[in-house]
Each structure stands twice: as C-alpha cells, then as structure tokens.
Amino acid sequence: MIIVLKKGATEQEIEHVAERIKSLGLAVHISKGKERTIMGAIGDEEKLSALPLEAIPGVESVVPILKPYKLVSREFRKEASVVDVLGVRFGETEVVVIAGPCSVENKESIVDAAKKVKAAGAKVLRGGAFKPRTSPYDFQGLGIEGLKLLQEAKKATGLPIISELMDPRDTELLCEYVDIIQIGARNMQNFRLLTEAGRTKKPVLLKRGLSATIKEFLMSAEYIAAQGNANIILCERGIRTFETATRNTLDLSAVPVLKEETHLPIVVDPSHAVGRWALVGPLALAAVAVGADGLMIEVHPDPENALCDGAQSLKPAKFAHLMEDVKKVALAIGRRV
Amino acid sequence: MIIVLKKGATEQEIEHVAERIKSLGLAVHISKGKERTIMGAIGDEEKLSALPLEAIPGVESVVPILKPYKLVSREFRKEASVVDVLGVRFGETEVVVIAGPCSVENKESIVDAAKKVKAAGAKVLRGGAFKPRTSPYDFQGLGIEGLKLLQEAKKATGLPIISELMDPRDTELLCEYVDIIQIGARNMQNFRLLTEAGRTKKPVLLKRGLSATIKEFLMSAEYIAAQGNANIILCERGIRTFETATRNTLDLSAVPVLKEETHLPIVVDPSHAVGRWALVGPLALAAVAVGADGLMIEVHPDPENALCDGAQSLKPAKFAHLMEDVKKVALAIGRRV
Amino acid sequence: MIIVLKKGATEQEIEHVAERIKSLGLAVHISKGKERTIMGAIGDEEKLSALPLEAIPGVESVVPILKPYKLVSREFRKEASVVDVLGVRFGETEVVVIAGPCSVENKESIVDAAKKVKAAGAKVLRGGAFKPRTSPYDFQGLGIEGLKLLQEAKKATGLPIISELMDPRDTELLCEYVDIIQIGARNMQNFRLLTEAGRTKKPVLLKRGLSATIKEFLMSAEYIAAQGNANIILCERGIRTFETATRNTLDLSAVPVLKEETHLPIVVDPSHAVGRWALVGPLALAAVAVGADGLMIEVHPDPENALCDGAQSLKPAKFAHLMEDVKKVALAIGRRV
Amino acid sequence: MIIVLKKGATEQEIEHVAERIKSLGLAVHISKGKERTIMGAIGDEEKLSALPLEAIPGVESVVPILKPYKLVSREFRKEASVVDVLGVRFGETEVVVIAGPCSVENKESIVDAAKKVKAAGAKVLRGGAFKPRTSPYDFQGLGIEGLKLLQEAKKATGLPIISELMDPRDTELLCEYVDIIQIGARNMQNFRLLTEAGRTKKPVLLKRGLSATIKEFLMSAEYIAAQGNANIILCERGIRTFETATRNTLDLSAVPVLKEETHLPIVVDPSHAVGRWALVGPLALAAVAVGADGLMIEVHPDPENALCDGAQSLKPAKFAHLMEDVKKVALAIGRRV
C-alpha cells in the first residue's frame, strides 16, 4: 500500500502515519520527493484495510497495490478451474451452452423447451422458479412448484438444472432440486445470500451486478469461496450505462480482463443484456469469439405468450440456427460446443 | 400504453396485436400516420404488463403512459406523508437529522457519539450492527451485541435508533431493538427483504441503489407499501457514475423529482455519496436547500480509529459546527431543524 | 409524435395544445383514457421539433415516434451502403482492417509500420498528424510534416491513408494528403467540423463520442450527410462507464443496433476502447463475430518508445498473428479479410 | 510516479525499467515487498508522461502522484482567482447570476429579457448567437445578427454579454461583441477552440463536458491558461448518467472538489442539467448552498414560443421570485447576490 502525503505535511504528521502502520507489524519506506512525500507499507496489506488512513491528518490519498481478492485470483491459482456439473465441464475447451425459458410456467412448456434446447446442443437447462421482479405486481414465479417441474424436465432429458436463489431461507429447498444455484445480478452484493451459497458446496453461477466493477464482482465471488465453495461460475450479463438502445450494455471486455484476474470460468448472458431477441445472436457469437467458457440464452417455445421476458427470448428454431453459427465460431478459435 | 407498429407492418399483424390487447379487456385506438401506425390501449394498463408485446411480429416499440407505481405515487395521495418515529416527524417543516457512526463498536463510543450528536441537534441515532462489506475479510459488525449497545445509547439519550437489516431471518430480532429499519443501497432490489420489511409495519428507511433509476427506486418502495406498510422514508445516497473524484455522485436532482412523483419523505445521505468528510458539509447544506426532509450524516468520536468508513466521518465538533449552518439554510427556505 | 397530457389537464389546456399543433399543419387525434388524455400528432413531425411542447401548460411528456435522422437511416435506404476508398470497399463481404501507429513520428517508422501492416493483411494505413491530447503539455503531433510522411508511406505501400481532422481551418490541407478524413470521438459533436467534412465529399470515418447515445451518433452522421457527403463510415470505439478496468467500455451491441438503424458501414476500434494491448486481440475477434465491417487497430514497431498510446499498440508480429485469427473468425461467419 | 512491477518480474526487467526512468533525469527508489516490487520515480514527473511505461515488459501498472494540471491548480496559486467582467466580479463574496434566453431570436425579445433579468438581480446577460444543435435540421442561431442584437440589449441595460464560440474562425468576430466567451460542453475537448480562446485574453466560461471527469475538465482549463489567459470561469452543467428522469445529472459535489483543486471561480447551470423549468429553482438554491460562485439560468419571456430549450426556461416572473430565494440562501451562508 502506498500512502501519498499532502504537500506541506509536517514531520510530525509523517511520523504519526508511519507509527500507525508500524504498530500493525508492517515495515515503512519513506521517500521524499520535491513535491510530495510518499510512504510504502510493506507487509500484510490486509491488516491495513481496517485502518482509515485517509482520516489521518497529512494524508492525501492511499493507493492499494495488492488485489483485495485472494482465493479467486489468478495469483492464488495459476491454472483455470473447471466446474463440473454432472459431467458437464465449465472452463475447458468446450463452450457450454445453458438455455431455457426465463421462468417455468407449466410442465408441458418446460419439458418441450428442455427437449428442444437439448436437441440443438444445449447442455444445461435454465428456468426461474423464484423470480426477482422490479414490480411487486408482476408474475413472481411458481416457487417450489416450478422446481418440481424443472425436475420433470431433467428426468425427460437428462439436462442438469440451474435456477435462481433469492432468499437464504430457500437454500436447502433449492439445493434439493437444482444442480447449479444462480445468484442474480440484483443480489450480487446480498452478502448473506452469497454466504449461504458458499456453504452449500453446490456449483454457483454468480451474475455480475448492473453497476458492479470487475473488482467488486470478484470480491462477491470471494465471499462464496471464503466459505469453502470453489465451484463458482462467473456470468457477465450487461452493465448499466447511459445508452438506452439496449436494456444494458454487454461488457465483453470483462471476459479477457477476468481471464487475467481469476481462474474461474466465465459465461456470458446476452439475452438479459440486450433485452431484444434480434440482437441476441450476434452478441452470442461475439461472446464466444472473445473467449467466454459458456453462454446463457433465453429460449421459449412461444415467446409471445411468455409470462416473463418474452421480448428477449429466442424461439427454438432460431436457437437451433444460432447454435450452428456458435459451433463455427467456436471451431475458428480452437474450441467446440 | 402506446404500441408503435413497424413501418410496413401488415394489416394482419396490426389486427393480431389489436386482438391480443382486446382479449385482456382493454379498448384499442388505431391511428394510421403516413410513416407509422400507432395503437393506443385504453384500460387497465397493468394487465398488459404481462404481455410481451415486443415479441409480437410487427411491433416496433411499446411506450407505457401510466406510472408503474401506485401506492407510493403522488397521484394516489396528493398530500405529503408524514412518518412518525417516537414523535420525530419526517415530512413536515422540520429537517430531521440522523447522525452517528458507521458501525457500533463498543458501549463507551456509541453512547458518547449519541450524546454529542443529540447535543448538536440530531434527532435520530444511526449505527450499524450488521454491516454489508464488499470484502468478506472486512469487519462485519457486532450483530446482536451491536443492537444491545444501540439500546444503551437510546436509554442514555432518548434518541430513536436506526440500523440496517441485511437478512430476512433477522427481521424479528432487529425489530425488537430499532425504531427505523434501514434497507441499504445494495439490497434495494432484494425483494424478499423488502417484503419482510413491509410486513413489520415499522418505519423503513430505503436507500437508493447505486445504479437504480428513480422509477426503480419507487418500485422498490412499492414492494414495502404493497405489504401494508406506508411508513417509508426514501434516502438518496449517491449513484454510480464515471466520476472518480467522489466515491459516488450525489444526485440532488432526485429530491425535487421525487417530490413530484411521490408523497413519501426524502432524506439525503451525503457521507456515503462523497466518501470524504471534507465534502460532507457543503453537500449537506445543498441537500437542505434542494428540499430534503432530512439528512443522514456519519459522525464518529475518533474517525482515525473507526472500524469502518473513518474517512467520511465527521468529528463531533465539526458536526456541531455544520449543524449551525444547516439551521441557517433551513431557515432561509422556510424550514427549521 | 405523442403528447401525454397531465392528469387533470383542463379542456382549455387540451384545446390549446391541439391548436398549436394544428397551426403547424399537422392533424391531431385525441384519445381520452380513464387516467390520461393522450394526443397523437399526425404529419410532418419535424415541424413540431421546434415547438417546446413540454413548456405548454397541461403537457406531461412528449414521445417522438419517428427517428430524428433521415438520410443515414435504414428507412431512407434499405440496402447497405458501400464506401469505396481507392478500391478498398467498406460495407461488403470483406472485413476491412485499418492499422498503423497512433501518431506519425518519423519517416522510417511510419514506412516500416505501413509495410508490416500491409504484409499482415491491413488495407488502410492510420497515423495521426494532428493529435487531440488531454494535456496541453503532451505531444501534439507533427502536423503537416506528419501528413507528408504518411504520403511517403502510401507511396511505398499503396495503402490509402486515414488521419484525423481537428480544426475546420485544416480541412483543405488535410484533404490533399488523406484518403479518409477521421473525426475523433472528442469532436463527434463539433458540428462545424462535421459540416466541413460533409462539404469535402471525401470518405469520412466518424468515431462515436465517449458519452454519445447511438441516436446522437447517427445525428452527427446526419450532419455530414446533410452536406451531400454520403461516404460515411461509423466507428464504435468504447463509451464511458463506471468500469475502470478498461479505459472505456467497448459497446459491441452498438454494431447490430446500428445495422438495424442505418445503412452505413461500421468499423470497430478495440485499441482505444480497452487501452491495453493484451486485450485488443480478443475484442477484435468479437468485433468481427458481432458483424463489424472493419477493424481499426493500433500497431507500432516499437511500442515502448511510442510518443503516444504505446500501452495499447500491438507489435507487428503480434498483429500478424492476430490477423490469422481474424481471418478464421471472418470465414466462420461467411465473410473474409 | 509509482511503478508497480508484475509478480515475478525478473531482475533484468526491473533493471530495464529503472534505466529508462533514469535516462530521463529522474531518480529511482526501488522497494521490494513480499508480493510485489514497486518503484518510485522522483523528479520531473512530466518527462515521464511521454514514456509508455505500461508497454515495458514486467510493468503491471503506473500510479501518477502529481496532478497533471499546473497553472489552474490550487497548489500553483493558493488564493481564489477573481475574474472581472466590466466590474462584475466572479470569485468573491457575491454570487453572480447570469441569465437570459437560450438563443437570441429578435431585438424586442432579447432587450425585454435583458431588462427583466437585470431588474431581478442578474449581472450578466446570456444569449446564443451560434447554437450547437444535435440535429442539423434544428434552428442553428442567428449568427452575427444575433451578436448585434446582444449589443442592443447591452446598450439598453449595461449588462455584460456572454455568448458561445463554436468555431475557431469566429473568434475575432465574437470578441468584438461579447464580454465573456462561452465554450460549450460539447466542445470541452475541442482543443483548437480552447487554444483560440486562450489567445484572446477575454474572460472564458468553460462548461464541463457531459462525460468529462473533473481532472479532464481542469486539463481543458489548463489549455486556455497555457496560452496566457487566466480569466477562466468553470461551469458545472450536469453529467451523463443512466438516470433519465432529468436530462443530465447535476454533479454538485464537483463544486467543493473543484474548490480544493483549483483557484478558479465556479458557476453552476441548473437549466441545462435538468432540462425542465420546474426543477431549476431547487437546484439553483442547492448550487448556492454548496458554494458556487455564480449561477447561469435560462429565462425567456415566452417559453412556449422559444426557438430552443423552451421546456427548461423560466418566465421572468418566476425568475424574479427565484432570485428572492437565492438571496436568502446566499445570506444564510455568508454571501450575497
């Protein structure tokens, strides 16, 4: 950690800052320039994070040098992690495709969707049972009934299931039914939920919050890892910007940045990012080209009658067609679907 | 709701869209221009929200006309609401000041802080017992022990207490100790938590999420109101923008916009928005001038040793000095502290 | 254009608004719902744009229906435009690659760069002679000397030249030397510069402003087109968001959105968006996969000694390697380089 | 400047970086921690700005310590600057109010506006002659005719005149007519225009760009100062964020931040920031309370018929009423209007 002192900081102030740092067991290097004195704190930077250095007189700014995340960092583990979900492996050569409707609506529709996405090449079935909705008056999902229907779809197709956890009190229940726990974007900093998900040891797909920096995204993953659960899949799904032509702005740069920073696999959800089915295809291809380990795509047998997110859902035939292109792009960069 | 059809939409497509709307019991007005056909749906707009009109062929865009929030809207209730907390009234002429440390640390410090902020004119004591922290390795609060210490401070000063709820499972416990439940910015769209807070009937202070639009902010308040709890205080605390000179960007325009849209009282928290104590004073004055019903300010007897947010906490003497200025500005606009 | 009246707008107010619209020669449809009266203005919407409808008592909001851009819109021209630059064609099957250093530094270096990028498959040479720099103390480019060196590189390789126009007074001079006029992101709404570029009839590459919406981007293109110059190439180069891990956030969704909205060709510049050479490759591939008609990439023979943007420049060998991958991805989606 | 080396940087790499820095005449301090080696460069940091240190192998990141702006910085000049415009002084106790219509339309209207804003207490008259408009089809201003009408209004009232410069070729002409040159938000990084404005020695009001950081804002002021013109007034006018309830988000935190960073006076324009007249009043009061040295407010005798920005213009009577409140808030914080 580097501490930049104010121009004109007194000897006494400088000394006081140095003492505070030393009292925590770190060594201090002081370097006096013409314009500014700067101080390097050498040792366990974590100890310093508790100390509000900026509140100490004479301090202008504090520059952390080390990354705040540990277990999820590339420095902690050099090789890419692989998250195995009933034999489906995220983080290897294969680009894994998760597909299905926004929410589970009834048995016929979810089983139909499952069969069709499987036939097109999807390896995991998505479907919401508990739905986070901006309005209290919108359809909130079928709850446990929805989880049971997902089980039916799994039975019919063999596809592993992913569904969202919204409440720490549902953790145990959800785990009986799903193969991957999804933490939604709105709950990315719901630390209690992260902690519960961490305790389960189930694979967790963590979506990036709408206004979360990549650093904060990884800190939330660290909450899960800190409970001993290393089965974490990250999911970029668009961030909030000033642009209104798309629902959110898909940040594909995040994929190579995350590849540098972490060993965890990264999946991209273009459906929620753009909010319109006609844009999902090109961005899915771009996500594969940029290096994502998987895709998460909304597919609904009858989008016009979907209870949720119909506007961004692909019909099964369009999805099958897209999968053909996804395969070609994957091959072009040495991967496969 | 207005539906704009695509240029070149066929008669059949137009007819189909109209049928779908009528099937929900709404009337349809069709208006054919040279360039575009537009369609107005007259009736209960809410019924339409379930229908993914954008997914229907021929539809270009959908423009909602009515506000999605009801119970919290100015249209629903013309006069300003007053939220009464043990006689402290938010939403009337008085500008109510909430002050105290970021987190409760020990008895001596919280009682000391309570006495000092009360002497300076604060009417409510803040203090975190459960702390949402970006890093799992940072101080997470004293939990129930912290709530007990807040009670001690209340006993010593008579100040009502506000503290944050992070987990639906803590709701009952928290309610035994606090007079206002705080929902933090990171949980603004934690819909389960909102629902629990709504069920309690306790006053709830709802902080705006870092990337929440004003509309989403009010929809989250609607979640609380929909449970029958109308004792809601809104809190603007800065939004996330590209600017890095302050921690967040305090959106003071939100105050007059909210005054137009809702009858609920609005409080401003400049401390979390700016992240540096030296900037808190000017923004507190601006918040009063722009029409806020209250302020929420971090005050710590010894910021240099605070376990959390020391850099943005005012010392009690600085806070007392600020309160003098706050009073003057309040008087200038016909209010009082 | 749709005008939403305030709840409780009087008959007189509604009448007055209708009169104002009719006085401009448009027809008015009034539709009274239970909650709101809305009014549709049918006819030449452009005439209304001068009328500040929101300033008229009783008006709540105004919703434009038609796009504000005309000449550059897909509605105006259904087929994709092709911009021909000495036989290099933007907007057809080929993905055209523009490459070269940020700024022209000396003859040897620019000729060397030109030969190497040509050998790797680039079709246009970029190089700044006039440089917009955030700091007045940074290198501002070689000016006319730089333009002459670009000519030398063109003579040596046959590659057409693109360079930036910063000042309307330089237009004529620049046109003598370059084959494509570049308008930089910071000047996207420098309307005088757009007008001058429009008057030249030279191909113009227009970069999206850091905080420009896609609508504003197209309105700026419309400024050029309105002068009779239809040779416009759009360039997405990243927008400003809260994320600091990359210099800007490359908005690849903009490519398919622009393909819907406009007939103009679209190029992507990943180098300026991300600001770090290690991220340029994956994003270049993503740009091709998402449907861009070209790429613009910074290549410098010796980045460590570049006078500008060294950190984001690829070395020629890395660029050649990237071009191999670009070709593969282009083929996978049915295009070529 | 501090250079953070990558974990695992070799001795040779570290040595090479140090050599590069020393070759520019700076001293180097190397500090080896357990996790990272960091290097402090002591001396003239500006020389380093040309060197793309991030492009050198082994370098992870570069942290500048000194501010990039000099002449406009508080370090360069401790006391607040005063900009005198025909006796009207920006930067002292008085809060100076600039008012007038968006654009000059005709003699009667501008003279009328001038008289009314003067009567209410405004000290400078604003009015656009050259108008930057998003659409090429919108009213572009009266040009030189508009400047002449502003002169008439000045003759009638004695109010100094401010009007916008859009093109370096108009500089001389504009200077004959106006007392303050305005540089608009869209041209904040039009470096040629800044340079021309700097050469005139006239007072310049520089508006913050929609997506400009405070640092970039000051760098643009530095462009003007670097030409020897220290008569610079800064103007905060809202930044672009995700929020759409207001046209832009007025960043009032920028005022105290700028007061720390620079000696230049700061004015706030709430009219352009919010885009709706009903919100202008509260934000004007907030701007005074936060410490602005002046206000810039759009006033039009007949907003409903304004050729530009009618929706955000106050009628003269409302403006006069607002001025009464502005005076009270100014007095409350020890200033005056």
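We call the chains A, B, C and D, going by the order they appear; numbering starts again at 1 in every chain.
Keep this in mind: a contact is a pair of C-beta atoms (placed from the backbone, for glycine too) under 8 Å apart; a residue touches a chain by one contact, two chains touch by 3 or more.
Quick caveat, the model's predicted, so the values are computed rather than measured.
Engineer: Spelling it out: a chain qualifies if it touches chain C and also touches chain D; which chains qualify?
Structural biologist: Of all the chains present, those in contact with both chain C and chain D are A, B.
Engineer: Quick one: point me to the chain whose Cα centre is farthest from that of chain B.
Structural biologist: With centres defined by C-alpha atoms, farthest from chain B sits C.
Engineer: Between A-C and A-D, which chain pair is linked by more C-beta pairs in contact?
Structural biologist: It is A-C, judged by the count of C-beta pairs in contact.
Engineer: If you average the CA atoms of chain A and of chain B, how many Å lie between those two points?
Structural biologist: 26
Engineer: Using Cα averages as centroids, what's the distance between chain A and chain D in whole Å?
Structural biologist: Centre separation, chain A to chain D: 38 Å.
Engineer: Averaging only over C-alpha atoms, locate the centres of chain A and chain C and give their separation in whole Å.
Structural biologist: 31
Engineer: For chain B, jot down the residues that touch at least 2 other chains.
Structural biologist: 211, 240-242, 244
Engineer: Quick one: which bits of chain C touch chain D in the complex? Just the residue numbers, please.
Structural biologist: 20, 46, 49-50, 52-56, 68, 132-139, 166-169, 186-187, 189-192, 209-211, 216, 219, 222-223, 226, 240, 276-277, 303-307, 309-311, 313
Engineer: Could you list, by residue number, the parts of chain A that touch chain C in their complex?
Structural biologist: Within the complex, chain A contacts chain C at residues 211, 213-215, 239, 241-246, 249-257, 260, 273-274, 278-279, 282-283, 285-291, 325, 328-329, 331-333.
Engineer: For chain B, which residues are in contact with chain C within the complex?
Structural biologist: Counting only chain B, the residues touching chain C are 2, 4, 7, 29, 31, 33-36, 38, 40, 42-43, 63, 65-66, 75, 240-242, 244.
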